[in-house]
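Below are two complexes that have chain A in common, paired first with chain B and then with chain C.
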Partner chain A sequence: MSDVRIEDLSYFHAKGTPYEIKALDEIALHIREGKITGIIGHTGSGKSTLVQMFNGILKPHSGRVLLAGEDIWKKPKDIRKVRFKVGLVMQYPEYQLFEETVYKDIAFGPKNMGLKDDEIDACVKEAAEFSDLSEELFDKSPFDLSGGQKRRVAIAGIIAMRPDILVLDEPAAGLDPRGRTAIFQNIVDYQKKSGRTVVIVSHSMEDMAKYCDDLVVMSEGKILLCGECREVFSHAEILESVGLDVPQATKLLLALKSRGFDVDCGALTVDEALEQIKKLYHN
Partner chain B sequence: MSEPFIKIENLSYLYEDDSVDNSPALEGLSLEITKGEFVAVLGHNGSGKSTLAKLLNMILTPTKGKIIIDGKDITSEALSDDDVLSLRRTVGMVFQNPDNQLVATIVEDDVAFGLENLGIPSDEIRRRVDEALSDFGMLEYAKHEPHRLSGGQKQRVAIAGVMAMRPECVIFDESTAMLDPLGRKEVLDSILKLNREKQVTVIMITHYMDEAALADRIVVLNDGKMLIDGTPSEVFEKERMLLDAGLAIPQCTELVHRLRDSGIVLDGDCVDLDDCVELIANSIKII
Partner chain C sequence: MSGISFGQYYPARSLLHRLDPRIKIILTLLYIICSFMCKNIISYALLLFSAIILVIIGRVPVRIILKGLKGVLFILLFTAVLNIFWTTGDSLLWQWKFISIYAEGLYAALFIMIRISVLIIGTGMLLTYTTTPIALTNAIEDLLSPLKKLHVPVHSFAMMMTIALRFIPTLSEECERIMTAQKARGADFSSGGLIQRAKALIPVLIPLFVSAFNRAGDLATAMECRCYNGGEGRTRMNVRHLRFVDFIPLIVIIAFGAGLITLNILGIGYTA
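Here is the complex of A and B:
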């Protein structure tokens, strides 16, 4: 179980060349333990660079990354251990499937951690259950599965390492509405059952509003807003100023309010908006 | 009525595969699209949307059935190489991943790439490249390196590259799926522009219901077959059918349906936010 604390962190792409760009600019951030935190921001705002700091794929040029209070770069030789503690699911992770069978693919991470066969087996089964994959699929080739199933296998491969923190970059990109809901519901169930910390990067404000506890908004390498989801989405103007948005339900209430109706614009989901609008009819 | 621009007759496609449960990606699909129409294609993953796009662009050849574009049977075996090239020019395509479709090291070279392959004279290329870049707001990036652009900008370069070839129809295969909200808006604005101002026929494959709401017409595929064909408001009325097919309806439409379910009278269609605000505001005034 652990939280992530980022202190005063800066990072430059192509440092020391004429193309040097400041990707992260003195960032301070706390990712709460046992919560689902969303990260939003337009392309190039530094989201992906930030999440690559969490497990030491990138090393900060200044500042610190604290995992459960420990500086992950204190002993640079031990950085590999950090990578097992922070599981990173990249965009379109199904392109990284490579093994002959689903079982072997999910087992790849735990195997690399040097676990014994029976421990590996337990990890694989647990991860498959979390990802809603039946054991009947274990002997199949991952390449014979549907798009949604492939993605689930790839996510299970990371969950199998039992990371303290699970980071997912656009986990639902390219999936149809049913597939989207299923993946997010899996993630929420995983968080509830395991109690572990989850970080999700996404462009969908509706999904963020529905599934996240906390929200971090990035713009030009800085943290623009951060806090509980509801609080962050109450700043519609700031979000729009950086090319982001509020969920459709919130947008609808804001539009009604600007037409003179007395509604509370704090609603984030269809259910909440419905309640607000029904009140208008009862008054 | 005039002849449809695209006529699809009883189209089927079966991917070659040894497995027993191999079923056709498309089965007996018939569809007519008129010139200048903006058609959105919805369907779950594996419903046959992308297969349809590849058949229209002759990347694939149908197992059964016919496709007639602008009076020419593109599935005919008698088609000459010249016919194939001219048909590919008629139907352009923009794909999902902005990083996989730009080939040159400078934006304007990328837009010129297709034209050079067509053997168009260089002063004409210059004119068309500048025009296409300016149409999609990318002229100031003409000398930039594509990999330094944002996703939305890269897709606009891809659109400019396709449009420079003066196609009569452009197919967008989930071209906004990998973009942030601003990038999506840029690309959607470009799609609307080429449809409304340049009268280009648009076929847009998407998983986003609010994008489909922008189209004149929505075609919903399910397991390789046609499920629903109608205007956005007709299609979104069939909420149960869409949910059963793994799809959804826009949040605003869902809200209006649920208000109606609770006994509130809302008269009129609702496919987007403006409709929804209007319906609710009007109904409260009446009370």
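Here is the complex of A and C:
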């Protein structure tokens, strides 16, 4: 069991100062085990703050975070253990690289866990494989790599801790389209192979529709919608009311429907939409 | 990390905020000299009084001033304790085994505490709280401009300072981000001995330096793209002209200094 349940969680930025802002407003949420959950919302909607609750980087001002049914703040001294169970890849993670070699950098997390050398070695090799990094890169300096490779090394550094739950904050930000697809495909493959829980934060509806099972839509520190992808995207009007887009394929189908065509608007990807349109055409 | 408030600009409308920054720098220097001319209890009282007046004129909330003083609280107490226990004199007040406290020690402790606090409040009120960092560096550049004749690169120094000030908040934000990222990888900054803690900072400092260097490179390119080539022939958007009223504070502080010297000569009150 390694699901995350969040109960009535609230969090304030700059609490106790005149600049106090309510970043999260009584959030209740369940992240299903073994699924890919997408968290989506505008800049400032609280999504990054929310994922920093999962591994105890931030402490909620009220409410609880339950990891596999247990309150992570029950023993505040053991919060580091939670960080090994919930691996958080921050935004632009390549800025955290610091070691002399790629190998040592990936090994930083496992080393902090206090593993033995041969275990660390196994973790590093496994993580590198998941992140599509060849072993030839191990002895290189992380600073000599390309942007996309750096990002992979940074993600591998988290995967190497073998977390039950992998949380990625905007994993594809700033990458070109090919890099984006590659990173997301890696994440999906990782999830399939390991069967672990994955949470992705993004503001790209398109990507989320393609890769996620569940979706959480956030707006102004509150959860607007949550559920399975199809279900969420069927509420196009709510999404548009807060300025979020539905995937273009869904948009097209919605437009068709509004003109009286009989289509299923649950289609999310271009291929699925194509099927629907083909069906229409043949009818 | 976000609690660095010491010496930060406090936006308000006051006489001190409006005063020409060049005058403010000269005033600060004179004020520091004045604080070191105090020799007896009356002059220290006057000094403390002048600092209070500055706070009132500058319209900076007392809460912010106290926060600034909190940063040096340790130094204040440390010097005070040193002075109390290590100053010897004629009038012994209290003795226990090898510890002896003299009245001179108490006075010395009081004086040093007043002096340090006034220095901090005074320079804060005259400069950092009431002057934006950019105005400050411009003023320093102006005041040092005679040195250009001696081929001192005054403009470059001022530009370096401006840039350094500009990037303090950026770097502190970045530092916080990297610390969070390393914490997520199980880095531990809050336990262990001194050496262990210093070692724990390596994963923060290296990425911070790398990104600072990258930023510096980018900034240099951006500046060159806008044809920046040093101070030669560069003009300012806002040019400040000195008027007669700007000199009044100088007259006041010189009078204040003269008053302190007179007090010293007359030797009124307890003298340290």
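Throughout what follows, the second predicted complex is superposed on the first by the 282 of 283 C-alpha atoms of A that agree within 3 Å, B and C clash if a C-alpha of one lies under 4 Å from a C-alpha of the other, contacts with A are read in each partner's own complex, and residues count from 1 in each chain.
Simple rule for what comes next: contacts are C-beta pairs under 8 Å (C-beta built on N, C-alpha and C of every residue); 3 or more make two chains touch, one makes a residue touch a chain.
Source: prediction; values computed, not measured.
Trainee: Between chain B (first) and chain C (second), which, if any, makes contact with A:Q52: first, second, both or neither?
Mentor: The answer is second: A:Q52 touches chain C but not chain B.
Trainee: Applying the document's definition of touch, where does A:M161 land relative to chain B and chain C: first, second, both, or neither?
Mentor: The answer is second: A:M161 touches chain C but not chain B.
Trainee: According to the contact criterion defined above, which of chain B and chain C contacts more residues of chain A?
Mentor: B
Trainee: Counting only touches as set out at the top, which of chain B and chain C does A:F143 meet: first, second, both, neither?
Mentor: It touches chain C, and chain B stays clear.
Trainee: First (chain B), second (chain C), both or neither: which does A:A273 touch?
Mentor: first
Trainee: Touch test for A:A107: chain B only (first), chain C only (second), both, or neither?
Mentor: Touch status of A:A107: no partner.
Trainee: In the overlaid three-chain picture, which partner chain does A:M90 touch, first (chain B) or second (chain C), both, or neither?
Mentor: Touch partner of A:M90: chain C, not chain B.
Trainee: A:R80 contacts which: chain B (first), chain C (second), both, neither?
Mentor: second
Trainee: Report for A:A173: first if it touches chain B alone, second if chain C alone, otherwise both or neither.
Mentor: It touches chain B, and chain C stays clear.
Trainee: Could you tell me which stretches of chain A are touched by chain B in one complex and by chain C in the other?
Mentor: In chain A, no position sits in both the chain B and chain C interfaces.
Trainee: Applying the document's contact rule, which stretches of chain A touch chain B when the two form their complex?
Mentor: Per the touch definition, chain A meets chain B at residues 41-44, 91, 144, 146-148, 170, 173-180, 203, 205-206, 243-245, 247-249, 251-252, 255-256, 259, 261, 270, 273-274, 277-278, 280-281.
Trainee: Provide the residue numbers of chain C that touch chain A in the complex, in ascending order.
Mentor: Touching chain A from chain C are residues 2, 174, 177-178, 180-188, 202-204, 206-207, 210-211.
Trainee: Sort out for me which residues of chain B touch chain A in the complex.
Mentor: 19, 43-47, 96, 150-152, 174, 177-184, 207, 209-210, 246-248, 250-252, 254-255, 258-259, 262, 264, 273, 276-277, 280-281, 284, 287
Trainee: Going by the contact rule at the top, pick out the chain A residues touching chain C in the complex.
Mentor: So the residues of chain A in touch with chain C come to 14, 52, 55, 57, 80, 83-84, 87-90, 93, 95-98, 108-109, 112-113, 143, 157-158, 161.
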